[in-house]
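Shared chain: chain A. Partners: chain B in the first complex, chain C in the second.
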Partner chain A sequence: MQVYLPIAEMSVDALLLLGIGFGVGWLSGLFGVGGGFLLTPLLILIGIPSPVAVASGANQTLGASVSGLIAQWRRDNVDLRMGLVLLAGGFVGSALGVQLFAALRRAGQVDVAVSFFYVVVLGTVGMLMVRESVRAIIRRRRTGVSAARTGEHTWLHGLPFKMRFRKSRLYISIVPPLLVGFGIGVLSAVMGVGGGFMLVPAMIYLLGMPTSVVIGTSLFQVVFVSANVTLLQAWQVGSVDIVLTLLLLAGGVAGAQFGASMGTKLRGEETRALLGLLVLSVALGLAWDLIRAPENLFAIGLAR
Partner chain B sequence: MPGTEEAAAATSAAKRDRIFLVVVDDSPERAVALRYACLRARKGGGRVALLRVIEPVGLVEWAGVGVMMQEERREEAEKMLSGLAAEVNEITGGFPILIIREGESRDELLKLLEEDPRISILVLAMAPGSGGPGPLIAALTGRYANRLSVPLTLVPGALDEKELDRVT
Partner chain C sequence: MRWAALLIALALALPARAQQPATTPLLTADLSTNQVEITTGFTGASVIVFGATENLIGPQTGEDVVVLAWGPSQATVVRRKVNVLGFWVNGPAATFPEIPGFYAIAATRPVWEVLPEEVRRSARLGLEALPLRAVGAQAPAFRAALLDLKQQDGRWQEYAAPVSVAGGRLFSTRVSFPDTVQTGDYRVEVLLVRDRRIVARQELFLRVDRVGTAAWIANIARTAPLLYGLGCIVLAALAGWLGSVLFRRN
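Up next, the complex of A and B:
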């Protein structure tokens, strides 16, 4: 069942899109993540142009994260003040990221740049995930695996503009959260991800936030930054494809329900290792796409 | 006849071994259940056990984050229980048994009652107001009633200290 995507200017199998949406939604329900970091590269791999894939990834992340944010908000697990500081950085970062994206597109380098970003980020993340879970499987519950926090006092505490974050029980400078928000914002704009999978460890290890508020607060940042990215991408790059997004979201919503109900039944380490392998294989697929000889060595296109 | 009851408690050793189990959740009425159990233990003999069920950490993409979450939840539960233990000690003069379980609170409670034959009475307080007694009580007096292996005491959540003193 082929459908024509008006913005991507190509036709694809609607069932394939529904399937991808379902699979990514399933994973996002299972792990409580946005899933943009898998959706965008998968779309690129089936031939969707990078700008459209990135914008749709951001959109999908938004859809997947809103319900999570509402749930966390009800349980009072959002540090609003920290969320707003992160968001301030995130807005600046995503606005700049979209400019960068538009500049790359004008230079005709956007496909290579997005793929390259993905190969680096997904490669690193996938490797870390696999390593972590393999270790956990090897010494399963022999002793309580102690996750060491970094030292209580670092140079981060010497920075100015301190602010009290009551819910996180922190009194720290707002510079680190602003920078973290900024970095995630740039990645969100260029890669079409929510960035939760990097934001969560950054909040715990860099900012020292308690884990109980980390998920909710990161979702807060992700929802608003990905909304901003979708809007800016649609406005400045003109690359949000409504047909594509609707099909993906339809599959995604169903998948997320399915994943969320399975979440507690699966063994953590194995599932996590599989996720890591999946992330790695997507990175390898993109890397192969970058280095192999293209089918059409030359292409003729209209300059926009 | 409080006098005779206390005398009876002093003579019967078996009675001193009975254990009142209180489920420590985040509801305001749990304080009523705890106070009732403490007063019963003080006046009639027996000990108090506190059960806190913590929510298991679901799948998180980073294993280290998941482990840390679990540790923090456990620490929080321990801190909470040790605070309440001091309260119990003040009323009964003895320290309660502290139990921390991980899972769904109704299932863990039923499992604990099955596993631990020392527990003799389960004390729960009903939520005041017209919104029903609370999910745990609704389950234990409804669909799961047949799985209950000890008597269940329901304390109205609106009782104040004086009234609690009178009924124990």
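Up next, the complex of A and C:
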């Protein structure tokens, strides 16, 4: 069944979009991330123009994360104070990111820049996650216990403006979470992702938050930052396609619930290793597209 | 020589005029519809151009029918990828500020067989006759790539559909618009060609418009982007919340 997307100005198979939504939703429920990092490249792959894919990807991430956030909120897994600090950085970052995106669009480099961002960010994050989680699994096999990560003192603890985050059992400076929120805000605007796949490892490894509150708190940040990106993209670039968003969501929310109930059966390290592998494979796929000789050296687009 | 040419031209033109009483025009044509509607289920559309001529069409009489369809002009940029440090990025670009977003030509015989080059050029008959002036990179490869890519996505068509003739005088052809067709005013020209000249011409118009939900959404997104953005947020959040209620698995 074909459906016409009014902003993308093209028609696509509605079942294909529902299927993509379901698959991505399932993975996002499983790993507690929005899934935008899979969705945007997939949309570009099926021929949706990059600006529409990025903007609608952010919009879908918002919807997909809302249900996750509600579920985590009920289980009391959200550190609200940490979430608000991250969000403050995220708002500033995403506002700047949308400006950067608009500038890239004017320069005609959106497609390449989006791919490039994906390769660098996903490649780095994926590699770090796989390496760390494999180490943790090996350590656990040897000693029989999961390694405790809290309580380590690093240079991060020497920074000023300390605040107590009770639910995360942390007393740290607000500078690192602000910076983390800012960076992810920028990337979420340029890549059309909520940033959960980066936020989760950043919270665990950089901020040292306990795994139990990491997913809920990251969803909190993701929901509000992707709302901000949606608004700014609609306003300044005009590329949010609500029909596309809703079709993806219809499949996505169903998939997410299945994924979430499965995710509770997985151990933290295994989940992180799998997520890392997934992130890495998306990065490799996109890198291949950038490196291999293009079939057609030329491409056309509308001049603005 | 010049006198002879003039005499021949007169001799050819006179009977054509004599044969044309006010009641029977040389050519008459119409469209199956003058409105293409882009609905939520739009997957492209085609419009039939049909009509009749006074004389028989065909190689025996030397009369040919040419049908042209034009879309609104659309500034288009062609970019060439270049390899920078092993990565393929967008390099030099050529912008074509004044080219038709849609162009289709159909004819009983290809126009290069029936019309001299200067006529083809002035009437813009055939993709070769389109003036493609570029700003920026000037290499002929950009022009070639533009012709190639526009034809690939179906927005420029050369003899994609035949002009079929029934009973020697009735002709019809089909102009197909892809799903990516832009909205706006389109112009269809029907030309009658004889003796390497255009002897009659009729212009027809049609409009491509979004209607229904698609029109409504595109309109709000354009005229009230802030409101549209807020609407997208609320709708997505609602859909997400509703989904979590509907599909809850405890």
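Throughout what follows, the second predicted complex is superposed on the first by the 233 of 304 C-alpha atoms of A that agree within 3 Å, B and C clash if a C-alpha of one lies under 4 Å from a C-alpha of the other, contacts with A are read in each partner's own complex, and residues count from 1 in each chain.
As a convention for this text, a contact is a pair of C-beta atoms (placed from the backbone, for glycine too) under 8 Å apart; a residue touches a chain by one contact, two chains touch by 3 or more.
Quick caveat, the model's predicted, so the values are computed rather than measured.
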With the two complexes superposed on chain A, say which partner A:50 touches: chain B (first), chain C (second), both, or neither. neither
So, does A:77 touch the first partner chain B, the second partner chain C, both, or neither? neither
Have a look at where A:217 lands relative to chain B and chain C in the superposition and call it first, second, both or neither. neither
For A:40, is the partner it touches chain B (first), chain C (second), both, or none of the two (neither)? neither
Between chain B and chain C, more residues of chain A are touched by C
Of the partners chain B and chain C, which touch A:168 in the superposed model: first, second, both, neither? neither
Taking the two structures together, which residues of chain A meet both chain B and chain C? none
Mind pulling up the chain A residues that touch chain C in the complex? 2-4, 6-7, 9-11, 59-60, 62-68, 70-71, 108-109, 111-112, 116, 223, 227, 230-236, 238, 240, 242-243, 245-246, 249-250, 252-254, 256-258, 260-261, 290-294, 296-303
Within the complex, which stretch of chain C touches chain A? 38-44, 74-81, 86-90, 93, 95-97, 141-142, 145-146, 148-150, 179-180, 182, 210, 213-215, 217-218, 221-222, 225-226, 228-233, 235-237, 239-244, 246-249
Please name which positions on chain A make contact with chain B in the complex. 30-33, 129, 132-133, 135-136, 144-147, 149, 197, 200-201, 204, 210-212, 214, 263-264, 266, 268-269, 271-272, 275
Flag every residue of chain B that touches chain A in the complex, lowest number first. 56, 58-69, 71-73, 76
